[in-house]
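Input: structures, listed below.
Paired with chain B in one complex and with chain C in the other, chain A is shared by the two complexes that follow.
Right, the complex of A and B next:
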C-alpha cells in the first residue's frame, strides 16, 4: 500500500529512538499485571457462579463469602484488569501520537507500583468486609483518597505530553485528554459524595451516574481512543473519516454524562430525571452509530484482515458486540422493556457483553498485537494457541450472553405473572448451569493465552537476531 | 517517504459528515433541552431542587469544561483541516517503526 507524504508538523521532533519515547518494560509490566488480575477476577466470577448452583466450595467462610467474591470479580475487572491494560496502552499510544515522552519516567514507575498497591489494598479490603455500599465503588474508604491522588498523577503524567504537542490533535488524543479528568471526577463523585454528603434516594441517583459514567467516561473514551489508534496502525491505512470521529467524540462529551439514571427506572428517583435519561440515551445511540460506521467503512477493501490478522479480528468482533450492547441499550432504557427485564439476568448478560465482549476483546487485541514486540520476540510462540484463545473466548461469550438474555426474559415474565419466587429459581437453574460452563470455557482460553505469553517471553529462539 | 496516500480514497463524503453532525446535535439538544426544562419545572413547581441539584450541577460542570475546550480548539485552528491528523498520525507511527527496524511494506 502507499503511504502519506504530509509535511512534518513538528520539525523539531526527535524520532531517533522509539524506545526513548516508550518505556517497553513499563508497558509490559502493566500488561502482565493486568493479565494476572484478569485471571484472578475471572476465577472469582467462576467461583461466585457456583453459589447459584448450590455448590459453593466455601460455605460459611466469611473471608470468601459469595458477596465478597462477587465484589472481587467486578472490582478486579475494573481496576485490576481494565485500568492496568489501559494504562499500559496509554503509555504506548500517547508518546507515539504526540511524539513527546510522558512527564517523568520515574513518576510513571511510581504510579505503576502505587496502582498495584491500590488494587491489592482494594482486594484485601473487600475480602475483610470493608466495602463501601456503592456498586463498583466498593473500594474501602481509606483507599479512595490514595486512588484520587493516583488518578491526578496519571492525568498530569499524560497531559504533559499532550500540552507539548504543536499540531492538530488526532481523535485518540481528544478521547484521552477527556478521559483523564473525567475518570478523576467520576471516581470522586461516586466514592465521596455518597459516603459523606448525600443520602437516601438522592444517593441512588448519584450511584447510577457513577456506574454509568465509569463505563462511559473512563472505559469507553480510553477504549475508543486506543481503537482509533491501533486499527489504522495495524491496517496501515487511515481511519475513514476523522471529521466523523470528532462528531462522535464531541457528542459523547456533551450528551453522555446524564444517562446514568436509566439504570434506575421504576425507582423513587423523580420521573423527570428518568425520562430525561431515556431521551439522552437514545441521543447517544446516534453518536455510537457514527463510530460504528466509521470503523466499518475503514475496513472496506481490507476485509481479508478479519481472517488473517488476529488483533483486527479481536477488535472488530468486539465492535460487533459493542453495536449489540448499544442496540440493547436503546430498547432496555424504555419503561416498557424495563417492566420485564428489571433486576433479571438480562442485565447481567448485558454487563458481561460490555465489559468482556467489548472492552475485554479490544484489550486482548492490543495484547496480541503488542506483546511479542514488547518482549523482543519476532512472533508469538504459538499461533494455534492464540486461535484457541480467540475462539474459546468468543464462543464462551456468545453462549453466556444468549443464555443470560433468555434467562432474564424467563425470569421477567415469571415475575410479571406473579409466579412464586422458588419457581423462578427452579426455571433459572439450567441457565445458571450453562453460564458456569461457558465461563469455564472463557477461563480455559485465558490460561492458554497466559501460557503462550510466558513462552513467547522466555523462548530464546523467538528473539530477533 | 517515497510514496503517498491516496487521500480521496480514505475520505468520507462531506454531506454524510454534516448529516451525522446535525443528527447528533438535534437529538442531543432535544435530550438536554427537555431535561433542563423539566429540571426548572421541578425547581419551581415541585420543589425538588435539592434532590436534583447534584446530578445537574455535575453535568453542567463537565459540559462547561468541554465547551471551553471546544472554544480553545476552534480558536487554535484544530478544526481547519479535519482530515489532516489521521494522515499525520500514520506517518509518525511509520517513522517510529522504521527506527525500530519494522518494515511497514512487509506488514501491509
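Right, the complex of A and C next:
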C-alpha cells in the first residue's frame, strides 16, 4: 500500500487578495455538514442492503421501514452530501476565480442554514411517509417551494461574483454559470410540473429528464468545474487544451439535457423520442471522451502525482470511473442491452459508480486537499489513515460495481427465461451478500476519514506556528 | 459569444435546457393531450373490483368506520389513500407498473403497457417504477386473493419464503385485520390492471419451468402462448 506522504502544507497562497474573499468558516461548515449527511446516507444504504439479506435489524419499525430508508439514502446523498460539498467548494473556488466576493456574506450564511433546514425537512418527511413519486426528488411537496427559493438565492449569490468580474473567464466559471440556472430549472421542472400539471405517460418523460438532469446538469457541471479548478492548481500547470474544454462544455450543454427519456425505454412514450434520447446519450460519451483526453494530457509528465499526491489520485481515479460509467452507459442505453438489464441491479451498479465512484471520489479529493488548510493545520493528522480511506473506498467501489453489474445480468436473463420470480431472488442472494460487505468496507473507510478529520482539526500540534 | 458570460448563461444555461424540455418534455405532453386525465372518481366509477366488496363484507365494522359504504366515492377514497401509501412506503422503488414489449414480459404478466392506462390522476406523477426486486404490479388485480395480500403484507416471508419485501405491521389492527391503511393499499393493488379483460396467470401454472430444466420455451407453448416471441 502506497502511503501518499504529503509534505507540510503551505497555507493557501495569498497572491491577490483572494484569501480575504473566501469565508473559511463557511466552507468548513459546508464540508462538515456534507460529511455528517454522507455518513448518515451511507449508513442508510448499508441498512437498506440488509433487507435484501432478510436480516433487517429493525423489522416492523415504521420509521425505519426499508423503503423509506432507501429514499433517505438517495436523497441524503444528493441533497445532504453532494449539494453541501459543492456549495462549500463553490464558496472556495468562485471568489478565487472571479476575484470578487459573493453577493452577500450574510446571505451566504442564511443559505447555509436554510439548506440544512431543507435537508432535515426532507429526512423527516421521508421517514414519516410523505414522499413524492419522483425518483431523486422524493422531497415532500411542501419543501419544494422552499428549495426553489433557496436555489434561486444560491444562483444570485454566485452569479453576482461572476458578473462583476473583469478578467476573461476560465473554464470552471462557464460550468458554474450554466449549472446554477440548470439546477434551478431542473428542480422546478421535476418537482412541480409532474405534480400539478402533467400526468400519465408524459410525466414519465419529464421525470426521466429530471432524474438525468439532476445528475447531468447539477452534479456533473459543478463537479467538472471544480476539477478544472483544482487539478491545474495542484499540478501547477495549465489545462492541456482550452479548445478541447470548449468542446466538452458545449457538448455537455447541448446533449446532456436531451437524454432524459432513456430512463424509460420501452414504455408507452413515443418510440421516436426514445430513439432520440438514445442517440443523444451515445453522443455524450464522445463529449466525455474529449474531456477525459484533456485531463489525461494535462497529467502527462506529472504522472508521479498519482502516487504521491492523494487529492490528485482521488480526482483521476474518479475520472477513470467517470469514463467507465459513461462507456457503460453508451451500451446500456441501447435497446439491445435494455431488454435484459432494465429493472435489474445492473442499473444500481451503474448509479453507485457515478454517484460514489465519480462525484464521491472528487469530493473526497477536495476534502483531502482543503480540509487541513481550512482548519489551519500544517498537515493531516495521519497520512496512513488517508491512504486506508482511499484504498478501502476504491476496492469497495470496484467490488460493488462488478458484483451488481453481474447480478443484473443474472436477474435479466432469469426474467427473460421465465424462471419463476423466487428463482431470481435466490440467485441474487449471493450478489446481495457481496454488495453489503463491499458497502461495509466503504463505510469503514469513511469513518477512518472522519476520525482523521476530527484529529486534524483538534490536534494542537498540527497548528501552524 | 461562446466564451462570454451572458452567452453561456442564455444559450447554455437557459436556451439548451428549454430546447431539450420542448423536444423531450413538452412534445410527449402534446402528443397525449387528446387523452384527458381522468379524475380518481372517474376511474373508480369504471368499476369496483370484487376484492373491494370482499373487504367490506369480511371486515364490516372496520370498513364502515374507515370508508363507509361500498360506493364509487368510498372506492375513490381508498384508491387515493392506497396510492399515497404506495408512494410513501416506496413500493414503486421495487415494483414497476409497466409491461415491456420485450423479455417475454407479456407471457409472464400480460398485455404490453399502453399510454391510455396511465391517463388518470393516480398516475400523476406516473408510477412506471425503476427497479424490479419484486414483480411488476400493473397486472396484479385479482391475481391473488385478499387473504393472500393480508398475510403477505403482515409478513411476506410467511407466504413467499425467498421474499425480501419488508413486513408492514402498521397496516394492521391485529394480525389478520387490516386497518385503514391496510385496506387502502390492498384496494389499490387489487385495482391495478382491473381495467383489462384478462391476463395470464403464469407463475401459478402447473408446470412453471424450473431453473434447472432447460425446456422453458416448450413449456410456455404448452400454456397456449404460441405466438411468436421476439428472440433476444
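Going forward, the second predicted complex is superposed on the first by the 446 of 465 C-alpha atoms of A that agree within 3 Å, B and C clash if a C-alpha of one lies under 4 Å from a C-alpha of the other, contacts with A are read in each partner's own complex, and residues count from 1 in each chain.
In this text, a residue touches a chain if its C-beta (ideal position, glycine included) is under 8 Å from a C-beta of that chain, and two chains touch if they have at least 3 such contacts.
Since the model is a prediction, treat every value here as computed from it, not as a measurement.
With chain A as the common reference, chain B cannot sit beside chain C without a clash. Once the two complexes are laid over each other on the shared chain, residue contacts for A:169 go to chain B and to chain C alike.
When both complexes are overlaid on chain A, the residue A:229 reaches chain B alone and has no touch with chain C. Within the superposed three-chain model, A:202 lies in touch with chain B and with chain C [touch as defined at top]. Looking at the shared chain after the overlay, A:178 reaches both chain B and chain C. In the superposed model, A:266 makes contact with chain C only, not with chain B. Considering which of chain B and chain C touches more of chain A, the answer is C.
Once the two complexes are overlaid on the shared chain, A:254 sits against chain B and chain C alike.
Legend: residue contacts after superposition of the two complexes on their common chain; A:67 is shown touching chain C, with no touch to chain B.
Using the contact criterion defined above for the overlaid structures, shared-chain residue A:287 touches chain B, although it does not reach chain C. With the contact threshold set out at the top, residues 168-169, 177-178, 181-182, 185, 189, 193, 198, 201-202, 205-206, 209, 246, 250, 253-254, 257-258, 261, 270, 273, 276 of chain A are in contact with chain B in one structure and with chain C in the other. Per the touch definition, chain C reaches chain A in the complex via residues 2-3, 5, 8-9, 11-14, 16-17, 19-21, 23-25, 27-29, 31-32, 35, 37, 85, 87-94, 96, 98, 100-105, 107-108, 113-115, 117-121, 123-135, 157, 160-164, 166-170, 202-203, 208-211, 216, 220, 232.
Per the touch definition, chain A reaches chain C in the complex via residues 51-54, 56, 59-60, 62, 65-68, 70-71, 129-135, 138, 159, 162-163, 168-169, 174, 177-182, 185-186, 189, 193-195, 198-209, 213, 217, 246, 249-250, 253-254, 257-258, 260-261, 263-264, 266-270, 273, 276-277, 335, 338-340, 342-345, 347-348, 412, 414-423, 425-427, 429, 432.
Contacts from chain B toward chain A in the complex involve residues 1, 3-7, 10-12, 16-17, 20-21, 23-24, 27-28, 30-32, 34-35, 38-39, 41-42, 46, 48, 50-52, 54-56, 58-59, 61-63, 65-66, 69-70, 73, 77-97, 99-101, 104, 107-108. For chain A in complex with chain B, the touching residues are 1-6, 9, 15-19, 21, 96-97, 99, 167-172, 177-178, 181-182, 185, 189, 193, 198, 201-202, 205-206, 209, 229, 232-233, 236-244, 246-248, 250-251, 253-255, 257-258, 261, 270, 272-273, 275-276, 279-284, 286-287, 289-290, 293-294, 297, 464.
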